[in-house]
Amino acid sequence: MIIVMQKGADQKDIDHIIKKVEEYGYRAHLSKGVERVIIGAIGDEKDKTKIENLINRPGVEKIVPILKNYKLASRDFHPDDSVFDVNGLKVGGNNFIVIAGPCSVESREQILESAAVVKEAGAVMLRGGAFKPRTSPYSFQGLEELGLKLLAEARERFGMPIVTEIMNPRDIELVAQYADILQVGTRNVQNFALLKELGRTKKPILLKRGMMSTIEEWLMSAEYIMSEGNQRVILCERGIRTFETASRNTMDISAIPILKDKTHLPVIVDPSHAVGHWKYVIPLARAAVAAGADGIMIEVHPSPENALSDGIQSLKPGRFAQLMEELPPYIKAAGKIMVTL
Amino acid sequence: MIIVMQKGADQKDIDHIIKKVEEYGYRAHLSKGVERVIIGAIGDEKDKTKIENLINRPGVEKIVPILKNYKLASRDFHPDDSVFDVNGLKVGGNNFIVIAGPCSVESREQILESAAVVKEAGAVMLRGGAFKPRTSPYSFQGLEELGLKLLAEARERFGMPIVTEIMNPRDIELVAQYADILQVGTRNVQNFALLKELGRTKKPILLKRGMMSTIEEWLMSAEYIMSEGNQRVILCERGIRTFETASRNTMDISAIPILKDKTHLPVIVDPSHAVGHWKYVIPLARAAVAAGADGIMIEVHPSPENALSDGIQSLKPGRFAQLMEELPPYIKAAGKIMVTL
Amino acid sequence: MIIVMQKGADQKDIDHIIKKVEEYGYRAHLSKGVERVIIGAIGDEKDKTKIENLINRPGVEKIVPILKNYKLASRDFHPDDSVFDVNGLKVGGNNFIVIAGPCSVESREQILESAAVVKEAGAVMLRGGAFKPRTSPYSFQGLEELGLKLLAEARERFGMPIVTEIMNPRDIELVAQYADILQVGTRNVQNFALLKELGRTKKPILLKRGMMSTIEEWLMSAEYIMSEGNQRVILCERGIRTFETASRNTMDISAIPILKDKTHLPVIVDPSHAVGHWKYVIPLARAAVAAGADGIMIEVHPSPENALSDGIQSLKPGRFAQLMEELPPYIKAAGKIMVTL
Amino acid sequence: MIIVMQKGADQKDIDHIIKKVEEYGYRAHLSKGVERVIIGAIGDEKDKTKIENLINRPGVEKIVPILKNYKLASRDFHPDDSVFDVNGLKVGGNNFIVIAGPCSVESREQILESAAVVKEAGAVMLRGGAFKPRTSPYSFQGLEELGLKLLAEARERFGMPIVTEIMNPRDIELVAQYADILQVGTRNVQNFALLKELGRTKKPILLKRGMMSTIEEWLMSAEYIMSEGNQRVILCERGIRTFETASRNTMDISAIPILKDKTHLPVIVDPSHAVGHWKYVIPLARAAVAAGADGIMIEVHPSPENALSDGIQSLKPGRFAQLMEELPPYIKAAGKIMVTL
């Protein structure tokens, strides 16, 4: 931590800060500039709140943090890419995975048909929501346990691991019984109660970026899960909220190389939620590959015009097949290998 | 819902949309413009997802929603201000309430001293966190049940209702045993599992705005609580996330008159979290009054330089007393009456 | 400037940075932390680009600036409030000014009637656009020189200084012939060519905040004008662009106390452009006063439903009179005195 | 335009609006919903301000625009891609161009060396700033005319068209004498005085996106240039301002497919300014190709650690050569052809 004193701060105030810094178990390091005095507080930062509170003392202008706040998620801590196994499929490293399926599980027929078409086109995991976070309490909220059972049936039939969202800590046991990957949605990225409990499960977690999360905060949310013991976290960029209204969210493509630099965790991209319109999903999926993503998650619905949620951003089976045909040269150029069933 | 057809859409596509609209139980209303055809879908909007999905049909350019998505929270539905009772104190209407206290309950001495000083200066409710949502898993997470007990002791001693945050649906029963108002924090504003369960309690809810919530989404979150039966919701503006870094968040002062126009629920303001620095809290609290707020919530700590969280934005007791001395002419000019114990 | 070295940076890299820092005329100050080495570069920052470029050297993790980038606009440099004279009226300090008038000058009758009603209600300066920045090239672009002449006629008749926008450096001479205050609009806040030329005029400048300017960037824009010799700059908060769509912009009320802390320049607020709807202008104008503003600028039109621009945010004369009746207790409570003609 | 009446609006208010709509030369189209009446105003929208102002009339809740505001830039108006010639090189369509060079022209040696290395690696146009928009008036402002002369010398020597920024309408004649493409920077995207004058030149314009511009506003800025007669506009995505601070701006990759859908103009991407750090430029350039861009503009400096501006985001020659080696398979997969000299 760096403590910047005000221009013309009293020697008495400076001495007081140095005394406090040392009292808190840090070494103080004084640096006299032309206009200002700067005091470095050197220590292991476990008590950094105390240093931060020095902002309230006379003569202090600002406090500048130096170190990162995440450890287990950091590439400093774990220099190689994390590669882990989900039902026998590799995630991370040079493996590229495609997860696809409808926004919500709506019926037995719909989910089985979805699984069939996405598998046929080359997807290796099936997504589908059983518990749906909807802005309005009057919108369709998901089939709940029935949806989970239908997903499990699709897994049996098509041999694809299933990814589904978990919203309530009370449902973890139930959902974990059926799902292979537990997804945390954008609205729950700082639902710390949920993250902590997920950290104590044995299931891999697909952690979507909050629409309002900085990359650093998102990594701190991963750290919540990891610090409880669960190291299998997959990060999923899905767009952030900005002033632009031409797309549903703004897909933060820069987050991919930045994350690859800062963390060892696998990073995938969900262009469907990011842009919010099926017309633009294919070029954005290609861009995700080119930027270095470890996979994509795509909304596909056998009949988007009848979908109970997010119909506008779902690809029809034919379009999804077209996407899967377009991807291979990009995946190859990016030095990845498409994971297959 | 308004369906805007593309320039030069085929008559066949137009006819198809009209047929679908009618099939979904709406009346279709055709309007031919100079360049485009527009189709109104007239009905009660409970099936509006179906209309929205028509975006996927050939010839459709966009779908424009017309009606609001919240009902119980809307002033259309309840034209007069909601005024309700919390332990004998009136909230809403022309009543102005001041809630104050530390960010976290840290010790018996700290919370009792906080309660004493804020009551002395004129606050009528005591805030303090027992379960703390912290960006880092390594930061202080709150005293949990011990914190709740200390808050309850402060209530007994000083006769002030207590406001504290609830993060996990599993903790509702526990927290409701001690608290008078249950607070939903900014990170949980779309934690729908939590909102629904809070809607089934009998306690008033203080619903903070999400740092990335639009006013409409925030009212939809209130609607989640209200649609389960609990009508006592207090909205608390606490700043939104923007590109500006000079303040912790951007306090959205316009939200106050806009909410007063759109909803009957009481609206209070938390300038401490909004701006994030004690130096700017007093003028912003005054501005909240002037804009028409029904109350303010202020962080006060007996010794901010020793606070375990948010020390930089907490007022010292003397500053809080100064704020309380400055407020009366603004409250009077705004046509409100300060609620007293 | 603070140079943070990477964890485990080589001694050779550290030595190289120190050598470079000294070569650039700075003193290097070494600070060894538990995990990282930090090097302070102490000097007068005129060559700070060179230090910033060290980011490209091996072993460097980041560079943290310490000093403010503005000088003449800074309160460090000029501790007292700037108070200056515009045609005999005081701006800044404890003086509160009200500027009002239509968005655009549309006709002789319209501007004279506007001047009459805003003067009658207590405004002391008249605003009106002759050159209009419009998002579309097909929208009304202003009456140009004719508009300036009509403004000048209104000044003669009503004795109010006039404020009007300047968009093109080529027009400065022309506009300065007629106007008393030259306004720089939000879209030109970083039109540095324009700012520099305005810095060489003798007219006070009303500098609107850019819809995407941080407070620091905005002060840097003021610095552009001041560094050319013109010290009479009035800052005008008019809302920033955020994700919220319920208001036209998000009025950054926190900017007022923050600016009052950081700069000596007068700060006024334009709630009309900030919120974008006449219904919400009065409470926001009151909030601006309560937050410590030195004035307000309000759009008033004798007949908003016939306005050629911004009709929706313009107050009718009666509403403006109501605002002027509501303000005095707030102005008094804020310790200001309303400037009168 | 669609006029939505308030719930329960009076018949008299509805009739009044219909009368007004007709008075303004539109046809009124009435649509009675379950809760609300909606009135379509059908006409050519040249007088749409009048319709918008009806918001001020009793009983009106909101006004919803239907049509796009740009015409010449719209794909509706010009369904095929615009392809045009710059000194014999094709821009647009399936042509992919690479523009590279330093942020600023700093010296004869620097710009000639830059030109040599970028040409060698495969770039076809040279960028370099002679007039620099800098946030601080105390930063390097460019070599001005000398810079232009050095650029022209580089063009003679290497046969590459040159791209340079224009900031002041007064400089157009001067800059147009030397440059092949005139660049409008992000801060001037709504400097309408400049845009109009550029619309009357014969030079192609490279129009950067404003850091605060929506895609629609950006297209309106292109429309300003085109409506004055100059149809050769190249759009350049360079990142927008958001809450994220890990990158300098947020590169809006979705803008590429959205623009390709809405306009016929060529779209290129500047990943250097978007992300602000050389480390992340290569993957983002690849992503731009994959998303369908018609070219990229890259900052390259022979010695970034000595750059007078933007050193941190400039590629060294070796890195740029690496980028140019990585691009071909992506360009091929995207169906484009790299333009060569």
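Labels for the chains are A, B, C and D, by order of writing; each one numbers its residues from 1.
The rule is short, and it goes like this: contacts are C-beta pairs under 8 Å (C-beta built on N, C-alpha and C of every residue); 3 or more make two chains touch, one makes a residue touch a chain.
All values reported here derive from a predicted model rather than from experimental measurement.
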Selected interface, A-D versus A-C, where C-beta contact pairs are more numerous | A-D
Farthest chain from subunit B, comparing Cα centres?
-> D
Can you give the whole-Å distance between the Cα centres of subunit A and subunit B?
-> 26
In whole angstrom, the CA-centroid distance of subunit A from subunit C equals 38
Computed distance of Cα centres, subunit D from subunit A, in Å = 31
Per-residue overlap in subunit B, given as positions that touch at least 2 other chains = 212, 241-243, 245
Listed in rising order, subunit D residues that touch subunit A in their complex are 212, 214-216, 240, 242-247, 250-258, 260-261, 274-275, 279-280, 283-284, 286-292, 326, 329-330, 332-334
Counting only contacts in the complex, subunit D reaches subunit C at residues 46, 49-50, 52-57, 69-70, 133-140, 167-171, 187-188, 190-194, 196, 210-212, 217, 220, 223-224, 227-228, 241, 278, 304-309, 311-312
Subunit B residues touching subunit D - in the complex, by the definition given at the top | 2, 4, 7, 29, 31-36, 38, 40, 42-44, 64, 66-67, 76, 241-243, 245
